[in-house]
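Next, two complexes with chain A in common: one pairs it with chain B, the other with chain C.
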Partner chain A sequence: MSRTYAGILAAETGAELTQSFRAPEFLLPTLALPVAFYMMFGVLMSRGGGAATYLLATYGIFAVMGPSLFGFGVGVAGERERGWLELKRAAPAPASTFIGAKLGATIAFAAMALMPIYAAAAFMGGVELPKTVWLTLFLVHLSAVFPFSLIGLSIGFSFSTNGAVAIANIVFLSFAVIGGLWFPATFFPGWMVAISNALPSFHLAEIALTVVDAPGDRIAGFHATVVAGMTLACAALAGWTWSRQR
Partner chain B sequence: MMSAMDTHTDPRQLPAVIEAQDLSRRFGDTVALDAVDLHVPAGQICTLLGRNGAGKTTFIRCALGLLPPTTGSVKVLGEPAGSMAARLGTGVMLQDTDLSEALTAREQLALFSSYYSDPADIDAVIEEADIGNFADTRYKKLSGGQKRRVQFAVALIGKPRLLFLDEPTTGLDTDARRAVWDNVRRLAARGTSIILTTHYLEEADALADRIVVLAQGRVIADDTAAAIRARTGGAIIRCRTSITPEQALALPGVRAADRHGRLLTLSCEHAPTTLRALLDADPDVDDLEVTKPTLEQAFTALSAVTTEDAS
Partner chain C sequence: MLKKTTLITAAAVATAFVGLMILLPTPAPAPDLDGAVVIDNVRYFDGEAMQGPAAVTVADGKIVSIGDPGAEAQGASRLDAAGKTLLPGLFDAHVHTFATAQRDAVTFGVTALIDMFTAPALLAGARDARDSFAPSNSAALFSAGMLATVERGHGTQYGINVETLEGPEDAPAWVAARIEEGSDFIKLVYMPYATYIPSLDLETATAVIEAAHDQGVQAVAHVSSLEGARELLDAGVDGFVHIFADKVADAAFIEAAVERKVFVIPTLAVIAMVNGKSTGPELIDDPDLGPRLTPAATTNLRQDFGSSSPYFDLDKALETVGLLHDAGVPILAGSDAPNPGTAHGVSVHAEMALLVRAGLSTEEALAAATALPAKFFGADDRGRIAPGARADLVLVAGDPGADITATRRIDIVYRNGVAVGDDPEPTEGSTLALAGVLGDFEVGTSAPEGLVWSETSDRMMGGDSNARVARIERGDGGALAVTTTVGSGFAFPWAGAFLGTTSQEAVGDLGDARAVAFEVRGTPANYRLMLFVAGGMGAPPTAMFEVTEDWQRVEIAIADVAGFEPDRFGGMAFVTPMRAGEYAFELDNVTLIR
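This part shows the complex of A and B:
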C-alpha cells in the first residue's frame, strides 16, 4: 500500500476505533449511561406525554458529550503523556489525519450512543415524529461533536491524564445539569439561567428542542449563531493549547 | 559529484544525513546544547555518548523537528529538520515514547506503514526485529524489553535511510542488547545511516564508526573509538609487586598509581619506558598485564578536563 491521504486517514480511524472498542472503561459509560438515564427519566418516570419528546432532544446532546469530551480530552492527554503524539509528530503522519480520525471515531461513537435512545423513545416512550424531523434531530445531535470535541482537545493538551479525567468530569456534569440536559432550564433560578446561557450545551439543547417542536418560545437561528460563535472560540482555544505543546 | 578516485576527500563534501550548524538550545537559564556543529556523512553509525543531561536527547529532538533550536540550524537528509521530506526518510526510536497500549505490534506496524510510499513488508519487519512470538499480543501486556523491540520494529517500517535510536538498549538484558546490536550492524551494512545515543560505553565501542562525546551541551570529542582512547593516550599496567604507589610515581612516565593489597595499577604515558624501570626496580614482578585504557577511562578523563576548563 502506498501513501495516500485517504489511506492514512482510514488507517488512523481504524486504529482509533479498535483502541476504543478495547477500552470497556471508556465504552460502557459513554454508550450505556445516556440511554439508561433516558429510560429512567424519559420513559419509565414520565409515562408518555411531552416529557419523553422533550428529554429525547436534551439527552441526545448529553449522549454526544461523553465520547467527545472523554475520547478527545482524556484520550489525548494519555497519548501525549505516553509520548505517542510525539512519535507521530516525528513520523511522517500529517497532524490533520490524526484530528480527522479522532473526529470520525467520535462521530461513530456518538451515533452508537444515540441509536438506543432513539429506539427507546420510539418504541417505549411513545415518541412519534416525522422521518425528516428524526433526521434533522440526528444531524443537530451529531453537530454537538464539534464544540465538545474542541473543548475536549483543549483539556487533553492542557492537563495530565488524571487532571484531564477530573476536568472532563466537571465539564461533563456541569454542562449536563446547568445546560438543562437533565432537567428543563426553565425550572432554574435567574442566576443559574445566566450561567446556562454561557454554555454550548444549553444552546445546542435549545436547537434540538426547536426541531422536536417542544413547548416554549425559541429562536433556533439565535441559538445556532451562538453555537457557531462558541465553536469558533473553542477552535481558537484548542489551537492555542496545541501550539503550546512545542 | 565526487569521484571515488578523489584522494582529497574532505568529509564535509560528502552528502550529509545530519548537518548541524551552531546549534544551541536553552531551557530558561539552562544551556542544553551549546553551539554544536556536527556533520554526519551517509553510511555511518554515529554514536552520541554522554552522561544523562549531556544534551544527547535534546540534539535528537532538535534533529527530528520536535524542538525548535534557540539558535543555529539542523538539516536532516538535506531537508530542514521536521519537514515532511526529512520525516519520510527517517526512522525513530525515542526514549520515553510508548506506543498505543491497546494495539498489537502488527496493528501498530500497519498504522505506521500507511505513512510511507514504499514501506517495508510487515512480516519481514516482524522477523527482522524478532518479535514474532508476541506480534499479536496487545502492547500493554508486553514486558519492558519486548516493548522496546516493538518500538525498534516500528522505527524500521518506513525503510529509513536514517535511523535515530535514542538509548535503544536501556532496560534490555544482555541477550536482547546484543540482538539490537546485531540488528544495527546489519542495517548499517545495508547502507542505513544510524544516529545512536547511549550512556553505555561498551555499546558505543561495540557499534560506532564514530563517537561524538557530549558534555554540558558541547562536543568535547568527535572521533573513532580507538582514537578517543588514544587521545588520553598511554596504557594501564597491572602487576603484583612490593613497590609502593609513592615509589611507583617516581618511575618514568607514570601519571597515577593505585594499590590494592599487592596489586598495583599504574596509568602511564608510554608502556615500554615504564615497564623497563619497573622491572629494574622489582625483579620479582608477577602477573604482569598491560592494557589500553577502556573507553570509560578515556571518557572520564575527557569529561574531567572539560569540567576543569569550565570552572
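This part shows the complex of A and C:
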C-alpha cells in the first residue's frame, strides 16, 4: 500500500465508512429518519400548494444535519474517551487525514440520506424542478455538512460520549425545529424567529428555499454570508476545543 | 481493503446520484409566449357573471391565464384596461350568412355566427375555418345549411336552391343529405297556421325532428304562432329560433317548454322591425356603432316592411320572453340579420338591450350572447373567459353589467388572440395592385399579371347552365365572345365570363379606381356585373347593366356596388340575366378608370 497522503486518506475514510456500516444504531436513524419524516409531512399529509417542494428544501438540511452532528460529535467523543485520539496523534499520518476521512464519510452519508428524500419528492410528491435547480439544491444541502460537522467536532472534543449524545441531540432537535426545517419559521412567534436567525440551519434552509423559488422574499446572498460567518466561527470553536486536547 | 471500501462507497454514491439526477422530473417548458398579450386590470364577464379586475393573458389564440400573469408572460405586450370590460366574443344565434356577413360581424365584436339557413356551398370550409387558431377577421360559422320546408314554403323565396320535403318518408334521407353537406344542426320551418304560405305538416315536421335526433344532431324550428310552437314541443324540438309574437305564451306552454328543456332564440330585433319599431335607426345614430357600419349595412338597417303586422306584436313577444326566462327557459340572443332593420354583428347589441327590456338581467343578456349559444351549439371553446378558452374577445369601455348598452363602446375585438385590424390576415398572401386595362383581348384572352379570364356558370352550385369564352377578331384587335345557355336547375342561375386571380391567396386592390368601364354587345337583356370580395361568401355584390345588339360603352361606379370592398377584390363576373335561354355577348376593353 502506498504511503501517499491520498492513500492514507482513502484508507482512513474506508475505516470510517466500515465503522459506520457496522453501526446500525448510527446508520438507521441517520439515513431513514429524514426520509420517513419527509414522507409523512411533505408527501402524505401535504395538501398540495407547493408544500412538497418547500419541505424538500428544509428536510434536505435536516437530512444532512444527522450524519454531521452524530458522526463527528458522538464519534469523536467516543474515540477520544477510548484514547484513540492520543494514538492517532502519535501515528505517522498527518492529523488532517483524520478530519478529512471523517468529512469524506460524512459527505457520503449525507448524500445517501438526501437521495431517498429527492426520490420521494419527485416520484411521490410530484415535485418537478429544472435539472440545474435539482443540482444546485443538492450542492446547497451538501454544503450544510461543513458548519454542522464543525459543531459536531466541537461537541466531540468537549464532552464525554454520554454527554456528547445528549448535547448532539439537543442541538439536532433545536436546530431542526427552531431552524424551521420541520415547519416554516414564518409560523413562529417573534421571539422564536429571533432565535431562528441565530441558527445556521435557518439560514441554510433559506438558501435552499431560494433555490426552489419558494414563496416569500429572501436574499440568498445575505443568508450565504451569515452561513459563511457562522461556519468560520464554528471552525474557530472546533480549533479551540481541539487545541485543548493537547 | 479499507481503500476499496472508500472507492466502492464513493462509486456507489456517485452512480446513485447520477442515476437520480437523470430520473428527477423537470417541469414542462413554459409556453412560448411570443406575441402574448396581457390585458391588465380588466373587469371580465366569464360567461355567467362579472369578475375581476384581473390580468387576462392571451397567447397562441387562447386565454393562457387569469390572474397573476407570472414569469411566463415576460415579453408579452401589456394593455392597461382599467375601467374597461372584457367580454367573450359575442354570438349572433340567428343569422343568414351572405356576402360580407362574417367580416361585418367581427367589426361589432360578434366572433361567431349561428346560421339558420344559407347556401350549402358555404359550409365546405366553415368547420376548418372555425377550428383554426390562425389570425382571422372573419366570424366563426355554425350553420343549419339548407332548411326543411315545403315547395313554395318559407325559405324558398330567397333564390337559394332548396330541396323541399313532400312527406314524412323524405325526412331520414333529407337529414342525411344535410349532414353530408356539413350542416351542424337541422332547422325546419313550421308555420301551419299562416294562411299566406304553405308549410310542413306536423307529421313531416315530427319526422324531420326524429330523423335529426336519430342521426345525432339537434333540430331547431322557425315558428310564428303559439299553436305551432306547442305542437313542436310535443314533437321533441330542441329549440325555437324565433319567439311567436301573435299571443303571449300561456302557463301550459311555459310549463311544457321548461319540461322539454328547449331553448329559445327570440329574435326580438326582427320582430320589432315587423312591428314598426325597428332598432335600426338607433344603431345608425349610435356614436360608436354608426361609424363602423358599411354603407350596405346602413341601408339594411334603414329598411323595414313598411307596415305593421297584427301577428307580430313586440310587447307580446317581450312578455313571453320574460315569462319563459323567469321559468328557467334558456334565452339566446339572435338578430335574424340581414333581415330589413337588422345588419350583421351590430344588431346583436340591439337584441341584448331588448332582452334586458324583456326582463333578463344585464349578465343574463350577456350570457345569452356568449356562454349559452356556445353551450347549445357545441362551440365548446367559445363563449367563456377562462384559461384554455379560445381568445375570441371584445374589450368594451365601461361596464355592460351596469348598462347593457356599454357593449356598443367597442374598443378592441380579438379573434384568436389577435386584435382585428392589427394585420389580421398575414397569411392571406399577396396583394395585387390593379389599375387600367383588365382585358383588351388584343392578343388572346390574356389578363394583367396574376389575373385570368375564364368562363363561369351555376354548375358550381349544382345548376345546369353553360358558358364558353373565346377571343374573336374585332376591328384591328380582338374581343371576348361569351356564349351561354342558361338552364333552370338552380334558383339563381348564371353563366358568363369571369376575371379572377390566378392564386387563391391573392387579393386584388383596386386602389383609387372610381368605376369599371367596358364595351359590350349581345343578346339584348339586363346583364349583371358581379364584384367578388376576396374570401366573401354567398351572393356577391352586384350591379345591373343593359346590353343591346350594338356596341356600347358601360361605366359602373364602384361605390354603387353595395357591399363591395375595393381593397379586397376577389374577381369580377359578367353574367346573363336569371332567365333560362340562350345568350351570347361580346366584351371588350374592360378597364378600371379613376
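One rule holds in what follows: the second predicted complex is superposed on the first by the 244 of 246 C-alpha atoms of A that agree within 3 Å, B and C clash if a C-alpha of one lies under 4 Å from a C-alpha of the other, contacts with A are read in each partner's own complex, and residues count from 1 in each chain.
The criterion applied here is as follows: contacts are C-beta pairs under 8 Å (C-beta built on N, C-alpha and C of every residue); 3 or more make two chains touch, one makes a residue touch a chain.
Computed from a predicted structure; not experimentally measured.
Room for both chain B and chain C is found when the two structures are superposed via chain A, with no clash between them. Of the two partner chains placed by the overlay, only chain B lies in contact with A:83; chain C stays clear of it.
Applying the stated contact rule after C-alpha superposition, one finds that A:112 touches chain C and leaves chain B untouched.
Contact with both chain B and chain C is seen for A:18 once the two complexes are overlaid on the shared chain.
Using the contact criterion defined above for the overlaid structures, shared-chain residue A:91 touches chain B, although it does not reach chain C.
In the superposed model, A:244 lies in contact with neither chain B nor chain C.
Distance between chain B and chain C in the overlay is 7 Å (nearest C-alpha pair, rounded to whole angstrom). Residues 1, 7, 10-12, 14-15, 18 of chain A lie at the contact with chain B in one complex and at the contact with chain C in the other. Partner chain A is touched in their complex by these residues of chain B: 64-68, 84, 87-88, 90, 92, 94, 96-103, 107, 110-119, 138, 154, 158.
Those residues of chain C that touch chain A in the shared complex are 1-7, 9-10, 13, 16-17, 20-21, 23-28. Here chain A touches chain B in the complex through residues 1-3, 7-8, 10-12, 14-15, 18-19, 22-23, 79, 82-84, 86-87, 89-94, 246, going by the rule given at the top.
Those residues of chain A that touch chain C in the complex are listed here as 1, 7, 10-15, 17-18, 104, 108, 111-112, 115, 118-119, 122-123, 127-131, 134-135, 138.
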